[in-house]
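One chain, chain A, links the two complexes that follow: it is found with chain B in the first and with chain C in the second.
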Partner chain A sequence: MANSATITSKKGVKSHQKDWKIPLKVLILICIAVASVSSRLFSVIRYESIIHEFDPWFNFRASKILVEQGFYNFLNWFDERSWYPLGRVAGGTLYPGLMVTSGIIFKVLHLLRINVNIRDVCVLLAPAFSGITAIATYYLARELKSDACGLLAAAFMGIAPGYTSRSVAGSYDNEAIAITLLMSTFALWIKAVKSGSSFWGACTGLLYFYMVTAWGGYVFITNMIPLHVFVLLLMGRYTSKLYIAYTTYYVIGTLASMQVPFVGFQPVSTSEHMSALGVFGLLQLFAFYNYVKGLVSSKQFQILIRFALVCLVGLATVVLFALSSTGVIAPWTGRFYSLWDTNYAKIHIPIIASVSEHQPPTWSSLFFDLQFLIWLLPVGVYLCFKELRNEHVFIIIYSVLGTYFCGVMVRLVLTLTPCVCIAAAVAISTLLDTYMGPEVEEDKVSEEAASAKSKNKKGIFSILSFFTSGSKNIGIYSLLSRVLVISSTAYFLIMFVYHSSWVTSNAYSSPTVVLSTVLNDGSLMYIDDFREAYDWLRRNTPYDTKVMSWWDYGYQIAGMADRITLVDNNTWNNTHIATVGKAMSSPEEKAYPILRKHDVDYILIIYGGTLGYSSDDMNKFLWMIRISQGLWPDEIVERNFFTPNGEYRTDDAATPTMRESLLYKMSYHGAWKLFPPNQGYDRARNQKLPSKDPQLFTIEEAFTTVHHLVRLYKVKKPDTLGRDLKQVTLFEEGKRKKLRRPAKTNEIPLRV
Partner chain B sequence: EQVWRNSNAIRTIDLRSTYTKTLTSLIIVNEGDEPQNTYRYFQQTSPGESVLSLSVSIKEEEKKGTNPIKVNNNVYDIPLQPPVKPGESRTLLIQAGLDGGVRPLPAAVDQDEEQYLVYLTTLYLDSPYTTDLQRTRLILPSAKIDTYTTYNIDGAELPNRVGNTLVYESRETITGEDNDLGEIYVRYEHTVPIPRGADLYVQIDMHEYRKMLEVSERVVFENHAAKLKSNFDRAKWYMGNFYNPVSTAINRVVYSLPRNSKDVYYTDEVGNITTSHMRVEPHQTWIELNPRYPVFGGWNYLFQLDWKMPYEEFRSSKNRREYLDIPLAWSPGDMIYEKAVWSYVFPEGATNIEIEMPVEISNSNVTKIHKFLDTLGRQVFTYEALNVTDGVPSDIVHISYEYNSSAFFLRIAIITTLLILLAAAAYMIWAP
Partner chain C sequence: MTDVQLQNIVTTFGISMMLLIILYHYLSRPQA
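Up next is the complex of A and B:
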């Protein structure tokens, strides 16, 4: 696709310059958009139109609220069915851009009487916007070099796995539309800087506002554009164009972004936004400087400058100190610290480090997501240095910033991908221009050769003149050289397309809700245990049932099972999450009061030992322990869950603390029944099952899915006679003939 | 007033279904002095049982069916036309569907245990008139009968048991004033699920141009079998399917679709269901649907099946009028649907629509909807019914309407106009 687009574009430009240039480019961009959309539909074709993973389920639920109850009910939405018993101010703590976009599309389609389901709008929103992203990338990249370069960048952007990973069909998350808005904002910003028009500056501001409504990563734009302006100022490139562009963008964009309830006054109170405000002020100083410079003489100007600098530095110091001490300027958040100090999160905020996409990437993951584009990034940046117009400065800054942050957090490959696509397009386009373009120059070289020959030089000079004569057999003018280089490039581009399709298909198109495996006869078997459990919860439990689980599954329980959750993927309350972790890590007699206080009816856990599913709760157990240890260091001690050798064991060598913990008991209860005697095996951790089946006293198994993946446990009610539940179980089993006096830990004294 | 005499009464109670079916055959004689045109009938029920449906047919009359008039709960007046003269007799066949009389005992069993059901009825016919001869037959699902009431009347042992049938026969004259009707209690083993349809929604879209019927059926069913005594054990369930597949859990629903059915979707509230099998045969298509989880007693399940069928299988045309004979539903019969809704969406341009529903309708309305590129709109006829029973798949809905194809041509004109406008806009943008 990319290669054919390039060749077609070149031929079109040459042979049909006036009549066919614009329609041909439109046609190519449409083809690129179609390729972008279709390469993201593997999961819809293979499985169905379904929301993927975890976070998208909340966004889908919010979109339903918006469509069914209207915009203001959506903004004022208080979700009493999550974070029980606290609830969540959902409408005020989310970025509404994604849901409003889906809502508008839904309304428009229904206005046209195309009666789509809101779920289908949500599932297909990301592919649809990926086509628009490709077009926005085209408009940005063509400013650097040429239209051909723009088309190449669009083609790269459309199918690069770094971008498809967050925009396949069903990944209904903020990144679905945020990258589109990111590229569009940057394209408009470059246009504003070039033209110096307040119209384009205003458009940039408005699109920045759209970005603010859509994604928390808008802070990247908030810092990228002022950094671009700052570097231009340092390079001595202040112009009134730059002043008009940035001032218009900043004022309109910032005021508009304050309308988002989740953002509020952050643009003037948080540190992440101070650089934008600082550059705005600096630009006013530059404008004033240039204005005053034209009014007074050189001597008086020098005195005035010194006086002004001293006053400004003093005033800035005082104001900064005052604002920081009174707390008006908020300190940086923990997630921001982890971008600079990679060990900060692991030590201070384990809840952030427990998310797998907050880890640094490996080198292989960069190649996986970008293939040979990653090698072309330095080449493209070097070529930007060669021309070094304002827009080239922007790409250089973008590459430095994107590379650094991508190195800290693997998730930010997403923001680096557009820059890599553009730089690679510059490199490839330059290479193709070099080896396909210089036919006109050949005539000049021939003339020089003719004139050189007329001088009739001898000896060593004749050899030198041969090499510099521009003969058709030398260097880039040789047909062999051209064919070799162009065919190699075409091969690399084809391999890129193949790699991108393969990665998108195999690595990024899994819904996670439905798994699949291949049986021995080659047929496909679907593993649908998650939906089986959620459907059972939905159909066979009361509407106000409270389900406790680790926060990974909170959004899915709320979205599919429609049941009340204690914690979910919003992770806004660390104490609440730590409480759940404590319940999971504690023995039953300590966990039961926690469950009772929170009115927990069912506990949902994921056990992957039977299926070999490695993302189960036992493999996340250490994070539960660490998070709860942060709040209760004397009750939950991580060291006690490891063997004296430092091993994480779940078989007979497991420590008593591990064996008595609630999550361990729930995971391995009854797991031996699926195996022949004494051959129980945990396929996720490659260890034997414990030889003694964990016995439960305060909870009982309610439902287990067909592949033993999702297990639901029902919390028992207190005994009506006031006995300890453990004694009740032992009594019913006949292990005790007499009724002893209850333990002192009983809350209700036994009445005689 | 004693004007009638039941000379012979045979009552058959069929317990093989998910609900109780009774067939009462009465030979009635007018012993009064004047012609009689009404017979009062008491439908006997167990404690907690209710009458779902009741139909009467009279053998001697040319028009076999008659409509009983409901006087009170379980009390009906059966009109007799022409009136019965003194000394004459009539043979009444009364069929009733009853619900709520069968219950599991014990109420909770383990998931691999047998299920026992109990049923209560009376030995004698409950009637305001005198009955000479009578017989009560109970037909049970199998011969595994645990307990049943026995009587010794005048040296005769009751009941007479033949396989899965119990026959209580009496030659004793029972007057209308007798209060002691005797009691029959039966407890039998029946380890099968007892599905109950809580909700049935059928929507049929008719597409004249595409010659296609789009059918959507959504069913919510519950299992009224014995509940689980202990917790659901997945491992035991898994192994039990090999050793002893008999269970009280609903694990299979079989649909029989017409031939040439296509685009079958099996979904529920959380998405596509992957546990189903489809087998295409020359005359029909079998779809074996497995629920996501085994539906034990007390649990419930929702599923939706969508498919498309060709028009020609059900359609005929006569005098510019289209006739469609569509089954009432394709969902499995032998089930009570507490509430059922049917929606028939007609093609654009259909007028003079007439629909004959074979069930008693409790509510109906007509609305109009618009789909993509619709101008006139489509009419939607919606019918609601309660406690729909027996023979749902075999009942036929008769639909007829007149179709005016001008609506279709209007749509073609709109599409053509839009395309022309688009082409003109493209030309005006790029040609200059």
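Up next is the complex of A and C:
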């Protein structure tokens, strides 16, 4: 009776707990969604509803065109206001997923009579999708261990700074939705492999298509899933479930992805996609082999089949290499070479190397972005090795690839973060399960303790056995150790929340377009010079004005000032960018013909010497020089910009080449006016200002913002009288050289 | 809404979710 009563009560407790599970799970997911969305709103609260940084400005501009002109006009959009005079086939060279998503949301909201601005939809898209990412992570992680593990992974993913950095409000970039799609595709893939259902395989393929429309990083999925299949085949884990999942995913996903104009036939013609195609073929051979093996029992025939398969694989590899070397299959692009060879970009493609987010990360930046999760990654991977089901193999491969790629480029912390969150969740969840687990049966414990005592009765062994005996008072199952471990885990989790919200608020919520600084009294001062300059351009120049600037500011000029640009952040034409670099690094007399050939009306530069803004053009100058030197090594020589001691000097010790360059002159022209005599200082480079103010002849200062951050120069038209512009300037300043009469030597009188 | 208020919302919901997850682990612990 007593036993049955105990069993009934235990059952009652279990069902009682199950009743609580679903509402508790929903409550936790709501908390995760609120925390992840609200942690991304600091920029809106602190500044305003504004698009951030550089690339998002183009995406925003494209979204406006989609909403105003419709889908087909958007796909056929030729942007004649960028890359002057070439223009850009914008509709065919972008990933439309982001714009289409925000366009659909915009239309649906308007159908529901909610009149929102397209800008607000764009600004708030990334925070909204972050909640969905957390839920997708939950579904992926629960397949590895348990519901509780999934919830923990979702919580980490929701607020981890490594992901927040690319998804705060206003960060309207492809990554804003791409990470959501990445996690959803992976979750569906694991579901498809586990169930062997062609439905889930098709869903994976369709989501993969969505991912292809949204981000160039889709290639990560393209290679990740085949690699998973390949490793499973090597482990001897071929099943019909795997065959159904992969073939359905590959066929639907590939055919669908080829409908994206920018992708086209790449899935069957470029090296990045060949592994997926190869694994597809390999899987067919495996299926055929297994089919024949089931029908024919002859040992010799099976050996023959195996031999034929090996020959086929070998032949396929040879054909692949032959097609790659002859150019039928496009070779790996430079961006991918730079992933394998870390010095490749530095030597061959300076444009890629010049971007700060393409540099390798430091350990401190990894801790900054992932906090204690980064050192839980190996623990999680180890626990995955212990289980080693198909889904664990997937996470192991993901962690190896993710860690490697993140070590090459700091921006790929973004793709590592989901894997770290899942591995850390597995580790923490296992820890909590262990210390919250059931007590060891009393009899077993006492038996173990007794045997230990009898073995080591004396000395230090008796103390050791006391600690390792697993008695109720000490060891894993004692109350003290449980409380200590669980409370310290809770402490780490809470610290992670504080760290994440602090990092998001202080490091990742600045829109870059508007800067802020803390004054002595603790109040914030906003530096709105970028928008001031763009507004000046919009108000004071004709609509067809051509503005030259370094490529970083191209999208912003097009988006905010609505003026024609020579180069922008798309960086599709290296020669054009190098031409701008050449104009910036050449003396005026050489730069002026370049400016005239490209019909440049204004030049926009960023000078941070007054504010101490280190991301200004003078600090990017070396990249302009290197990029243009790549094309004109005889005219632009990097060495000439360094002093004989190898220093990058901008004060009086600057080299003549540096002092004569157009960018140098534009940066320091008139900068001394802000300081008392001989006290001018460049706070960005911690050097004195040149004592002699650089004089300009072919361009003139048009506008400088209030904090001296953005400077606009107007390019002078050729002199109507055909004079040299230098002479004209000197003449107008009253510095005209006196005409000297030729010396009268051997003067012969006309008349004698 | 001020910056501090938003910070409080984030940390309140963040800490709540972490503690609730620990509670969930406790409720779903394996039975002996």
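Going forward, the second predicted complex is superposed on the first by the 664 of 752 C-alpha atoms of A that agree within 3 Å, B and C clash if a C-alpha of one lies under 4 Å from a C-alpha of the other, contacts with A are read in each partner's own complex, and residues count from 1 in each chain.
Keep this in mind: a residue touches a chain if its C-beta (ideal position, glycine included) is under 8 Å from a C-beta of that chain, and two chains touch if they have at least 3 such contacts.
Quick caveat: nothing in here was measured; it's all calculated off a predicted structure.
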| item | value |
| --- | --- |
| Touched partner set for A:Leu27, first chain B, second chain C, both or neither | second |
| Between chain B and chain C, more extensive residue contact with chain A | C |
| Chain B versus chain C as contact partner of A:Phe367, first or second or both or neither | neither |
| Partner chain(s) touched by A:Asp147 [first = chain B, second = chain C, both, neither] | second |
| Touched partner set for A:His708, first chain B, second chain C, both or neither | first |
| Partner chain in contact with A:Tyr243 - chain B first, chain C second, else both or neither | neither |
| Those residues of chain A which chain B touches in one complex and chain C touches in the other | none |
| Chain B-facing residues of chain A, complex | 22-23, 47-48, 50, 112-115, 513-514, 526, 528, 531-532, 534-536, 538-540, 560-561, 670, 673-674, 700-706, 708, 714 |
| Touching residues on chain A, where the partner in the complex is chain C | 10, 14, 17, 20-21, 24-25, 27-28, 31-32, 34-35, 38-39, 41-42, 45-46, 146-148, 151-152, 155, 158-159, 429, 432-433, 436-439, 441, 486, 489-490, 493-494, 496-498, 500-501, 504-505 |
| Chain C residues within the chain A interface of the complex | 1-3, 6-7, 9-11, 13-32 |
| Chain A-facing residues of chain B, complex | 231-236, 238, 268-275, 292-293, 298-302, 370-374, 430 |
